[in-house]
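Right after this note come the structures.
Presented sequentially are two complexes of chain A, the first with chain B as partner and the second with chain C.
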Partner chain A sequence: MSTTSGKAQRHSQFVGQDKPRRNAIRHAHGRGRFVDDIAFGNLAHLAFLRSPYAHAEILEIDTEAARALPGVVDVFTGPDLVDICTPWVGKLDHFSGLRTPEQYPLAMERARWNGEPVVAVVAESRAIAEDALDLIMVEWAELPAIIGIDNSRSTNGPILHPQYDSNVAFVMNLTAGDAKAAFRDAAYIVEDTLELGRQTGLTLEPRSIVADFDPSLRKLTAYHSTQTPYQMQDVFVRHFNLSEENVRVISPDVGGSFGMKLHVYGEEMAAVAASIRLGRPVKFIADRMESFLSDIHLREHKVHARMALNSGGEILAMEVDDATGIGPFSVYPRTSAMEGNQALRLMGAPYKMPHYDGTLTVLFQNKAPTCQYRAVGHPIGVTVTEHLVDLAAKAVGLNPFEIRRRNIVTQDMYPHTTATGYILERLSHEECLAKLEALMDYPKLIAEQKEMRERGIYRGIGIAAFIEITNPGPAFYGIGGARISSQDGCVIKLEPSGKIRVSVSVTEQGQGTETIMAQVAATYLGVDLDHVDVVTGDTERTPYGGATWASRGAGIGGATVMKAALAMKENILEIAGVILQGEADDFDLVDGQIVDRSNQQVRMSLAEIGRIAYFRPDTLPQDYHPQLSVSRHFVPQGTPFDFTNGVQASYLEVDVETGIVKLLNHWVVEDCGIILNQQLVDEQIRGGVVHGLGGVLFEECLYSENGQMMSATMADYLAPLASEMPDIQIDHVCTPTEMTPLGAKGVGEAGTAAAGAVVLNAVNDALRPLGGTLRTTPLTPERILKALGKI
Partner chain B sequence: MDPLIPVSYTINGKSVQQQVSVRTTLTDMLRHQMGLTATHAGCEQGSCGACTVVVDGLMVRSCLIFAIQLDGARIETSEGFADDQLMDELRRNFADRNALQCGFCTGGMLVAAHDLLSRTPHPERAEIREKISGNFCRCTGYEAIVDAISKTAQALPLEDSGK
Partner chain C sequence: MKPGLFQYVRADDVEKAVSLLQEFGDEAQLLAGGQSLVPAMALRMALPDVLIDISSIAEMRSITLTDDVLRIGAGCRYVDVLRSEDVARAAPMLVQAIPFIAHEAIRNRGTIGGSLAHADPASELPACMLALDAAIVLQSASGARTIAAEDFFLGTYSTALDEGEMIIAVEIPAIAVNQHHRFLEISRRSGDYAISGGAFVLEMDAGIITAARLAFFAVGDCAVLAGSEALLGKPLNAETIDQVAQRVGEEITFYGDLYNGIGAKRQITKTLTRRLLAQFPGMEL
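Take a look at the complex of A and B:
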């Protein structure tokens, strides 16, 4: 790892401490504790009757037979909940013009996608609840379904929400400079239309909740597999008219989330409603088919884009027309406009490109709602840009490295604002690109590719530069009116034994948040890592905060813990000063021992401080009150985001007879600033890359023409397995951010951001001698053979 | 409500009596009746491997078997493998190498890894990838899992006994 600032040295105590995560040890011993693992007394189970149609009027629902089934406790429909739960609307003020109707936990008079929950049954067991579903009679009147993007955009087709004049939910234009003139004067223009397939989250643990309402105090405890317990506390408070101090959200182990588990879903709201109706705990665990039908989907985009270049191969401008289908509603509370918004703003972002003209059209359809998911918008922006850059390289006659080298934003340009308006503090494109070229040994690969081609073996090399949005600041959601906190809080407590307990508002879903927070606390306090325990994921036991999303955990949570640790250390040294009859400044805390600052002589242990402060304060001066816990909060400052950057490459082989792609190698060079734990950073990148590889090669939510979801099992929705995935080579550049005291940025999106783009570019590179170009993902064998003209 | 039928098994070395309905899967019996929650239900359709356990020495997907079919069987779940050196090593290497993130796939993955190394103590990387391809993991991208299994294999004494 190379370093562009001396700041890295300061943090060396916790860099490279590859101690195993405590929760990893727990899981490896079968001691995970997910929502469905927790035992409850008097538990009732929830199941849903879902719309078999993509679009239908609900004429009548007969639940009598279901109610009569022994073991059934309650049956309710949408209208039954209007007095308990107020509707929600997925709008934010800063997306002006975004329109979307009110949403209720269950469909009201119409169902608008195949799988939308319509009737809820609560029973003594899930099996009985499902039996009862079969006894419910619904009379439907099927309506025309709006499925494809063109179908939705068409001005003479059916309209999904009769109160609107079209299927357009939102339109955004983004311009900079004079794109028209740039295209007029261009030496080269390349253009193409790309279609990116709709995917879904597929966390292995499905969405899960146990809602436990105590009517005597109107107190709700929700055990909820969510990334954002504070946001959900607020949602439950407001929509069920509860008092904030009476709502507790606990997120135990969360079995993957990636953004899928931070949205408001009707089923979870119905579970809370059911518990309020019954005054007993109610569990909803989505089964796999329900997950496919009702978890948010993502990234269905059709993008027409053009790029203008001068004779020297410098990118002058891009014109982008991005249309995205979001299903029937904009999802609450973050909206379904955000993905397209970020896609539009990430176009051309690594490059100097001065002119831009982008339009985003967000469209309603009768499919499952789409919303933010890992690397929100990044794969779209990066895939479109990098596909055009490769087309341009071909047109200009430059190799893929050379064209990127000529266009990337260089060190002398920072701080830099992209044509799309993102403010970049300092990135390291040049260094990353140079590192990648060396790491993958590009000349050798080119030679190998050439030699293979002569033998009829088609290998391709793809590269892609990217920027990544991390550490979102207060101007992200709050400004749009969403009650989503951008600050985080941390409480640190000295235990009587001298051990440290940290409770913090960022949450853990397997990234290693708790370990990283422990490393930060241990470092800035001066104690052993094993002496720090971290508590997360419980609104009653931790301070209020934003939690974990948009790669904010390490950067913002880490800075929060750092502030608290420094304050706790100050308190400890003050106590030491009193006990040892010196000044706080005379002492330091090193490895859990109070030492003389002058000569590092050990004076007493932290355990001794704990013993005296808690149990023998009688030995301390009169009216001295040792402060044994502290709390600190941190609000991200400066630019709206801390961007990271990187570059990826793929080397692969296309079997031109079967259309099957074999991934041979994958490289990532990435710059996330200060690295708090290299192994965890690298595994975030690898996991993210494989998400991107799944999206570009396999994953697709397929719908029939009348809106039936056709890929609602894991046998039909193909996701990456070990045998298809390559080993992934990673290297780093380190440009710390000055925006936080810790200097760390996020890394959760980086892998996913460009993995799809490099594979698309590599497949097109492989097929170049044969003349086929792929423009639709996933790159299924069928699409590849079609592009080759073989079928 | 479903009638219950008595069955008995040996689970993780202990003999156990349970009452199960005809439609209770082995997964649900283990998780909800026995409280053995390391066996996870990721798909309940035989696709993800999160529910993998060992029945009479063979690796199976517990979501595809009814509990009532297994009267008299010896069942080993991910919590089991007591005094099993190979499983101890696998657990240690999984944690050290961060071969799990959320941990939801881990129970099944460890059982699959144990089965692989019991039969093929020194597999190639590609073979490891092949053999764990019945187990889906959404978080890790698999490389760390392959590394952890590979490291465990390297520490094993050189004998291909079970092949």
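Take a look at the complex of A and C:
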């Protein structure tokens, strides 16, 4: 089927409708079923002794007293697991030169970050396991810690991995055109150095697993709070030497993930190892402090960037030097080079900029590992670019809208390839920018800002354009050799009652995946939404697929369900044709009823089809076999990604005597193609914006000079609270992608991509009359007061 | 994040509580609202062998106003104090301050005595007690004594409580005619520990300040009075306020916190001082 007829064949109205998340009512009744809610017989509990040092040699571990504590079942260290679990290495073939050592579930001879798991205790209760931790004696020899980016980059400082000649994990250069010449000929050059702080994921439900190994069959069932059950099935199979058919990963309710629950962590691997050692179920639930210390962190970047413009304010080129600290290891299996890679490629991406020269340096340090997280690389690319665009606007003498209008990629240019190599099918920057200007009533805000300044009140307006990477295809991980599927699968079954059961490989973490999949199935089948049930998150009950990450669930999962629904419908109409003694083409399925295509007259219900097909096939012609289940798989085609675009704006007030920022308003105009469910899309955008606002104003994984994580509690790590959040006003433009039959792109990361950038720009706009510029996020009161010269 | 093993005993009256304190000595800790102690135990930063639960001692839950003295039982929760008419009448400072203390769930459980005994330098209540010139009533197995708030807070988590002693009440002189209470704190998020906070009491006569107690919290090692003398005998005007803010910046020994160095603390405290003084009646701006 061609893509256009696919979109034209939409029969009922569920796609595009606001539908609340189907599981919301269950959660509101307290009937959620997260890993920790599931009861097991003979369950044992796991706790970890973690490195109190950022960097230390482990000389001796004495576990005798811990083993002797009543209720302790097992105590093991890294070397105890080498026969059970093979090590892993976070490399991908297409990041040539990326180096990172083998990693084990627990530290081996050295601990390399404060919080790294070193010794595991399994006990009859978590409390006993923690009591036992207090009885373990470890003799450490503290080593110099490599903490800051400059510290790691220094050529004469300590080296983290003695087998390497430096702390550099990976270097990438990306060039287009002739940036040098562009800078030589430029009318204006602006430049700055920005530092973006470390954040962490902070999911409501922490990382959780119950590993249940049955030694009689060598069968592992893992109840695991993960986004990617199939990837984890594969990881468990390969590293524990199990058979694929004997490993089942079940992801029950998952309380948030944001990319944090994509990665392989030593603690979960240790839980599986413990279950294999003991032959009984073993539970590990990270407590909040463990989450702070050992969940992946994100976005510690220091970027020096320059931008060259001609006399008309057109961006000619950017030069970017991005250094990022990833902790001691590149995280498996997706690598910690991906964030920097995307940051480097997203620089200048909304603009026509022809020349580019970017360098990425990925550095080891003695802090928690960093890896992919919501809006991988986007906030860095957008913040750096848009900060320079604002500096350029000032240099050229243009207002922030005008300079962006002059530079954004225009409608006549698509398909367009950015200087950094991204192929953009069709975006809508012009329309988004125009819509935003009207939505926020820019002239009125400017007048208000001016009037306020005269009264000593400093308000700022910030704008940022962005593109978002969504619907990644096979070129994303597959090409690098990772066993991470880019395709998805869906099975649709007609129940005897006429109801529809959909099982699909994309997964739900609270964002409404199951609702979206039900809407797509109901729409393309022609049945009532309430008659569709969706099953996700179980490798034994759903087809194999990539699952949910990189804003791919709705776009790719939705297209998969659409294909399966259309095939199921074809089967149903064929059965109807046989029963009603006509041709399949004579009939249609509308609202769960078989109707005459010519006059929409109802002929029979889907329930009647189910009854006859399942229970009275004797009434059907001989040798006719109704096909009552279908399966379809979908592989993204065409360009490597479906990009979306949008523009955001912030209006805020800076208290110049205290450095406290008050957010007054926030606007997002976004284009994610066909909108499957506007309420869920808007929730994704708002949630994403709040993630970005948290990062730019509050959240920071602070480390002391010797590598102690200082902000490892909810009192010290400042998560964004509703009380500080502004209204977030959203509008949409719709440019469907032709790359999938559904036309929907992703939206999960759009909000996060630019929310921080607009706040940074707005704060700097507010401070402009006073002469201060902020270059380091989060924008703490102290940093603002320093920029203002008050302290 | 599970606490270590501990023994739990409940005291139903003060007499029982102090006798248990005497019996277990420094192995014991008192459990009232548990809003600081229980998280510290979960982190195993506090590892008491014995928890003496005093949360059900009825005699420590009353609030009375007699002869111009407001007496608040140490077991009163923030929410009890916030809703008390006697408190509103005699110590409006507390009604202003309590909404700044953490979040509602914590205010429903946290107690006055618990906060004062814990002596967190960022807590609101010690500063309120300093500003209000409160007396803290202590009890041990050997008897009771009363100590001025000014002598009670010694440093970070450090008080004049002797071994075997517990706080049973605070006594606050009721607000006088011509006296005014104002409270403010500056924080990044609502409910956070303040970057800087102030609890100010001024007495004025014909526009001239006759008495002042300016207490600050979240600025140093404990709640502290500063700058008060610079106000005496002066009208409350922009010039006075500038002088006082300057004095406050000089007098306090600032401590940095995780996010704010000494410079930021000083700048923000001076700003707080100006803003809070500007809220008093009679301010001529």
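Going forward, the second predicted complex is superposed on the first by the 777 of 791 C-alpha atoms of A that agree within 3 Å, B and C clash if a C-alpha of one lies under 4 Å from a C-alpha of the other, contacts with A are read in each partner's own complex, and residues count from 1 in each chain.
Throughout what follows, a contact is a pair of C-beta atoms (placed from the backbone, for glycine too) under 8 Å apart; a residue touches a chain by one contact, two chains touch by 3 or more.
All values derive from a computational prediction rather than experimental measurement.
When the two complexes are overlaid on their common chain A, residue A:Arg288 makes contact with chain B and with chain C alike. When the shared chain is aligned, chain B comes close enough to touch A:Asp727, but chain C does not.
Shared-chain residue A:Arg686: touches chain B; no touch with chain C.
Shared-chain residue A:Thr658: touches chain C; no touch with chain B. In the overlay built on the shared chain, the residue A:Asp134 is in contact with chain C alone; chain B does not reach it. In the overlay built on the shared chain, the residue A:Met710 is in contact with chain C alone; chain B does not reach it. Of the two partner chains, chain C is the only one touched by A:Thr780; chain B is not. Contacts of A:Asp62 after superposition: neither chain B nor chain C is touched. With both complexes placed on chain A, chain A has more residues touched by B than by the other of chain B and chain C.
Overlap of the chain B and chain C contact sets on chain A: residues 127, 287-288, 713, 715, 720-721, 723-724. Residues 1-2, 21, 23, 31, 35-38, 40-45, 47-48, 50, 77-79, 90-92, 94-98, 100-107, 110, 125-126, 128-130, 132-146 of chain B are the ones that touch chain A when the two sit in their complex.
Those residues of chain A whose C-beta lies close enough to touch chain C in the complex are 126-127, 130-131, 134, 287-290, 657-660, 697-698, 702, 710-711, 713, 715-716, 718, 720-721, 723-724, 780-782, 785, 790-791. Of all the residues in chain C, the ones that touch chain A in their complex are 1-5, 43-44, 186, 188-193, 195, 258-261, 263-264, 266-268, 271-272. Those residues of chain A that touch chain B in the complex are listed here as 18, 20-21, 23-34, 36-37, 39, 70-71, 124-125, 127-128, 202-206, 253-258, 287-288, 509-512, 679-680, 683, 686-691, 713-715, 719-725, 727-728, 751.
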